[in-house]
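Given below, in the form of structure tokens, are the structures.
Next come two complexes built around chain A: one with chain B, the other with chain C.
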Partner chain A sequence: MKPLAIEKTLVEDWLGDLCDDFDVFSPSMTKKGFYDWAPFQSGTGLQVPTGVPKSSIKTFFFPQPEVLFHFKASVSDPDAYRLKEPDCQERKALLFGVRPCDARSVVLNSMPYEPDPYFQARRKNTLIVGLLCKESCSTCFCKWTGGSPTGREGMDLALMELEDSYLVEPVSERGQALISSTIFRKPKEQEISLVQELYARKNGEDAASTLRGKELMALYEAPFWNQVSQSCINCGTCTFLCPTCYCFDIQDETLRGKGRRIRYWDSCMFPLFTQHASGHNPRGDKIKRVRNRFMHKFKYFPDRFGPVSCVGCGRCVRDCPVNIDIRQVLSNMLGV
Partner chain B sequence: MGSEVKMNPYLPYPAVIEDIKVETEDGNLKTFRVVLEDKEERRAWRHVPGQFAMLSIAGKGEIPIGIASSPTEKGHLLFTVNRAGVVTTALHKMSVGDPIGVRGPLGNGFPVDTELKGKNIVIIAGGFAFTTLRATLLYMLENRADYGKITVIYGARTPGMLLYKEELKAWQNRDDLDVHITVDREAPGWDGLVGFVPTIAGQVKPSPENAAALICGPPIMIKFTMPPLEEVGWKDEQVYLSLENRMKCGIGICGHCNVGPVYVCKDGPVFTRQEVQRLPVEF
Partner chain C sequence: MSTVNEKIAGQIQQIATQLLESKEVALFLGYTQGTVPGAMQPFVARDVEDAKRLSWSSFCVVNLANYLPGLLRSLEPPRRPNEPPPEGPLPKVGVVATGCWSRNMVVQIQENQIDRERVVIVGVPSRGMVDRRKLQESVGQREITSIQEDDNSLLIRGNGFEKVINRWDVIRDNCQTCVHPDPVIYDRLVGSLSGDRNIPDRFRQVEEIEALSVEERWNWFQEEISSCIRCYACRNVCPLCYCPTCFVDDSRPQWVGKSKEQVDTALFHIVRAYHCAGRCTDCGSCESVCPMGIKMRLFTRKLQKDCLELFDFEPGLDPDIPLPLTTYSTSDPEDFILTQIRKGDEK
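Moving on, here comes the complex of A and B:
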């Protein structure tokens, strides 16, 4: 599939057109002073921050809450307490300006979620227009995790920002279908060579292959976990912001005769996460919970699926209230 | 294993409680006989002893419960449930005829048709962990020629806390079965064995020759049952354990039940002791 180009001044028009067929979302400055995902609105000026917005795009694939089932909760109803699947007639969504780390997170989450019909339906229904990175933030480390600032994994379209234009590379068939309009033009020689130069930048080492070779219990019993966990306050911020933290809880809610079974994000940082009805708790100690999170990302997940369950977006580094740095933990693990 | 793959793995089969039996003197354990509503689904249901299912009560939630009935008992499923949390308490308040949901069968189960075939079997259980071992024992008795000597060691705190009391009596009268039922301390009217399960296991001294042991019980019982077995030559790879952890999805996604790299719900709940020894102690 051949790349095309679009003038920067025309991108808003293009997104405006796409709003006919999609719910379009893009990063936008919030009143709180940070960028986050919001519905795209024509005429407000497109904002494209360096680095990733505050929250990840997992919310579009794994919303909170996801309604798994509805049921009627009145005894007089013959259909009472019978679970019914919700109608999934939602409009298609399109995410504009997704960074390579976030786009890749969807591919990684898809691995455990392979048998999950809700996630897979949303994945089918959501297009990702990626924006490749020319610069990285101080918290970025995608290169360590098997990703790349110019990685196109998980995207339908990949945009590279140039002086006055974007080079637009279709990555999937459905991405190709997004750029049939006459707004797009053939790219100039110079635009192509500029992008190829950026693509050719070298990536770092992939931590997954090194970690897969390490002995599980040697990593588990390493002394540094004690130090890492000491400062952790188990707030769960890292797990909620993390694009590849995908654990969930399922709960039933009823109100005025109507009920629903929902699932929503849960965090392995919370003591209740593993507590048995008997009160026994297999990960009752903080060190066990902290260790489980990192071990899951860097050992359990790659042992099962191949890549590490981290895309190096740096959100946890940016927002951890006690400055736990996942890169330091990863270095410690690589050093075992 | 497993019935036809359903499109939505979170959707339980609609079912009805057909019978409720109070098992123990404290009333905290009840066995629910459950029938899937749909005739086709009922016919298509297949499970392996040791597997579990999610019992679903709309409005309350779901809980993982071992299937206490053998696959050879057709038409219904048995679940012996200890009253402990929100859902089990709600279940204990339900009556015959009430609707519930069953999602499963889930997990791996005991390898009754593969590794355990042709072996001498030693079943060791404590308290209410006997449920899936009852399913296993019944399955083996239905296919008696496939197994060698079968020894059962089962203990509870008091005679009144033993599960499946009538069946225990019937099993004790069989001559193709070596049954040792014990209670923790002397009790009026009890003329059977007295002593903890590990002590009885030490007296029975089951031979490890061409044998497998299936052990379910509180962790402390399992811990103290191992030394007397090891003393007579049992190896970790001959011992099968069934783990339990908090679960939500039951299909290896939600992250609640993992013990290190394995999901109890999907990779287990049955593991050999050798496999368990390689895992972090997070169960």
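Moving on, here comes the complex of A and C:
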């Protein structure tokens, strides 16, 4: 599929047009002083931060909460205990300005969620317009985790920012369909060569194969876990902001004879995560929970699916209240 | 010339080394330098080598009292939940404490969470800690790549910019309005006590909200918590939150819904704040750690103000004065207790 180009001044118009067919979301500055995902509004000016916004795009695929079904729990109701599917989301969503790490996270999460109808339905219904990275933040490390600042995995369209224009490369059929309008023009020679140059930048070493080669028990029993876990407060910040954390819990919420079953985010950092009905907790100590987060991302997941379950977005590094830096833990693990 | 913080760090290292070397303590809880600008990491030193990594700066925003009960327990021989602790002296922990952290330790002693005999408190009169949100704002939300601290200013560098800012301008709200920056209990002291401060309008932030109409206040509250992701960092970092199972985690009964619905989030915040009434020392850790920038400290601040006005009580100043909500006196005010409204009395 051939790349096209669009003048920067026209991007807002294009997104405005897309709003007819999609719920369009893009990063925008919140009152709290950080960028986060919000519905795109024409006329407010596009805001494109360097690096990733506060939250990941997982909410669009794995919402907090996902209603699995509704039910009625009053015996007198003729519909009692009959399960009703939630109304499906009619309008398609389009996410504009998704960085390569976040786009790739959707591909990674799709591996364990392959048989999950809710996740897959949302994936089908959501288009990703990616924005490749010319600059990285000091917390970014996608190159260690098998990604790249110019990676296009998971995207439908990939945009690269140039001086006054964007080069627009369709990655999927449905991405191609987004750029049929006359707003787009043929790219100039010089635009193409600029982008080629960026694509050709060298990537770092992917940690996945090294980690797959490590002995599981040696990693599990490594001496550094104690020190890492001692600072951790076992909150959900790292896992809730993380694009590739996908653990959930399920509860029924019932009120006056009507109810719904919801799936909502859970975190292996929480003591209740593995609590058994008997009261026994195989991960009762903090060290076991802290270790699980890293072992899951860097050992169990790659052993099962291939890549590491981390895209190097650096959100957990940026926002961990006690500065547990996953890059340090990763290099500790690589050193075992 | 070393800065104030460098001197404090040096003294902490010295004391920790001596305590660890003499085996007076088994562990020493302090801070070490973090990996990103303006981040400090709570850190447990176990030996003299570790003690060299202890550090200090204006970015120590997590209240170390939070870790004490767990650390002390980790030094006790394993036992069943209801088994009493073993006879004889148990290993001690050394810990750094600013004013508010030490006040939280007083509350922990009063609530039987820590044993005063088992902690060696190294007091550090606080000069206030930096609010990273104010800092970000002062550089127009650009990415900061390095921060160099001087006694009264911070030199901030980023990609293509450099800026010197006044330290006090970016100090956290709770520190700017703190009247007891000195540790109230300590065994060693770093530096010298600075005395209580007089801040006439220290509840200004709360008064501004109190002045709003009921509807405006409700809107303010809803707006403030709207971006909460229920990560519970605010709860987990708080030294007052030590229940084995928090009410939000309970599922039988389910006191509060578990997802990001507004009504559930509101209930979480209201109940969390009330559970801190008469105990919160305004250490500001909860607010500092929130990834979403929610100012939930204002909720507990309001209760602190009420507690001061109704009971003339501030938590953590004296282990011998019982906490107002665990004791009863006939002179307690009771006009705020909700009673049945008789017809004709409604406003």
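One rule holds in what follows: the second predicted complex is superposed on the first by the 335 of 336 C-alpha atoms of A that agree within 3 Å, B and C clash if a C-alpha of one lies under 4 Å from a C-alpha of the other, contacts with A are read in each partner's own complex, and residues count from 1 in each chain.
The working rule: a residue touches a chain if its C-beta (ideal position, glycine included) is under 8 Å from a C-beta of that chain, and two chains touch if they have at least 3 such contacts.
The structure displayed is predicted, hence computed values, not measured ones.
Peer 1: Is this a clash or a fit when chain B and chain C both end up on chain A?
Peer 2: Verdict on chain A: chain B and chain C fit.
Peer 1: Tell me the contact category for A:T50 with respect to chain B and chain C: first, second, both or neither.
Peer 2: second
Peer 1: After superposition on the shared chain, which partner residues are touched by A:S231: those of chain B (first), chain C (second), both, or neither?
Peer 2: It touches chain C, and chain B stays clear.
Peer 1: What is the value, to the nearest 10 degrees, of the angle subtended at the Cα centroid of chain A by the Cα centroids of chain B and chain C?
Peer 2: Approximately 90 degrees at the chain A centre.
Peer 1: Regarding the shared-chain residue A:D249, is it in contact with chain B (first), chain C (second), both, or neither?
Peer 2: After superposition on chain A, A:D249 lies in contact with both partners, chain B and chain C.
Peer 1: Applying the touch criterion given at the start, work out whether A:H276 contacts chain B, chain C, both or neither, answering first, second, both or neither.
Peer 2: After superposition on chain A, A:H276 lies in contact with chain B alone.
Peer 1: Thinking of the overlay built on chain A, is A:C137 touched by chain B (first), by chain C (second), by both, or by neither?
Peer 2: After superposing on A, A:C137 lies in contact with chain C but is clear of chain B.
Peer 1: A:N292 contacts which: chain B (first), chain C (second), both, neither?
Peer 2: So A:N292 only meets chain B here.
Peer 1: A:S165 contacts which: chain B (first), chain C (second), both, neither?
Peer 2: So A:S165 meets neither chain B nor chain C here.
Peer 1: Of all C-alpha distances between chain B and chain C after superposition, which is the least, in Å?
Peer 2: Superposition on chain A places chain B and chain C at a least C-alpha distance of 6 Å.
Peer 1: Once the two structures are superposed, pull the chain A residues common to the chain B and chain C interfaces.
Peer 2: In chain A, positions 249, 251 sit in both the chain B and chain C interfaces.
Peer 1: Of all residues in chain B, which touch chain A in the complex?
Peer 2: For this pair, the touching residues of chain B are 7-12, 14, 56-63, 84-85, 88, 99, 101, 244-246, 248-249, 251-256, 258-261, 278, 280-283.
Peer 1: Report the residues of chain A in contact with chain B in the complex, numbered from low to high.
Peer 2: Chain A residues touching chain B: 68-69, 71, 73, 80-83, 85, 112-113, 115-117, 216-217, 220, 246-252, 254, 259, 261, 263, 266, 268, 273-278, 282-283, 288, 292, 295-296, 299-300, 303-304.
Peer 1: Okay, in this complex, where on chain C does chain A touch?
Peer 2: Residues in contact with chain A: 34-37, 39-44, 62, 66-67, 70-71, 133, 136-137, 141, 143, 145, 159, 227, 229-233, 235-237, 245, 249, 251, 254, 257-261, 288-289, 291-294.
Peer 1: In the complex, go through chain A and note every residue touching chain C.
Peer 2: Going through chain A, the ones touching chain C are 29-30, 32-34, 36, 50-51, 54-55, 64-65, 135, 137-139, 227, 230-231, 233-237, 240-241, 249, 251, 253, 262, 264-265, 267, 270-272, 286, 317-319, 321-325, 327-328.
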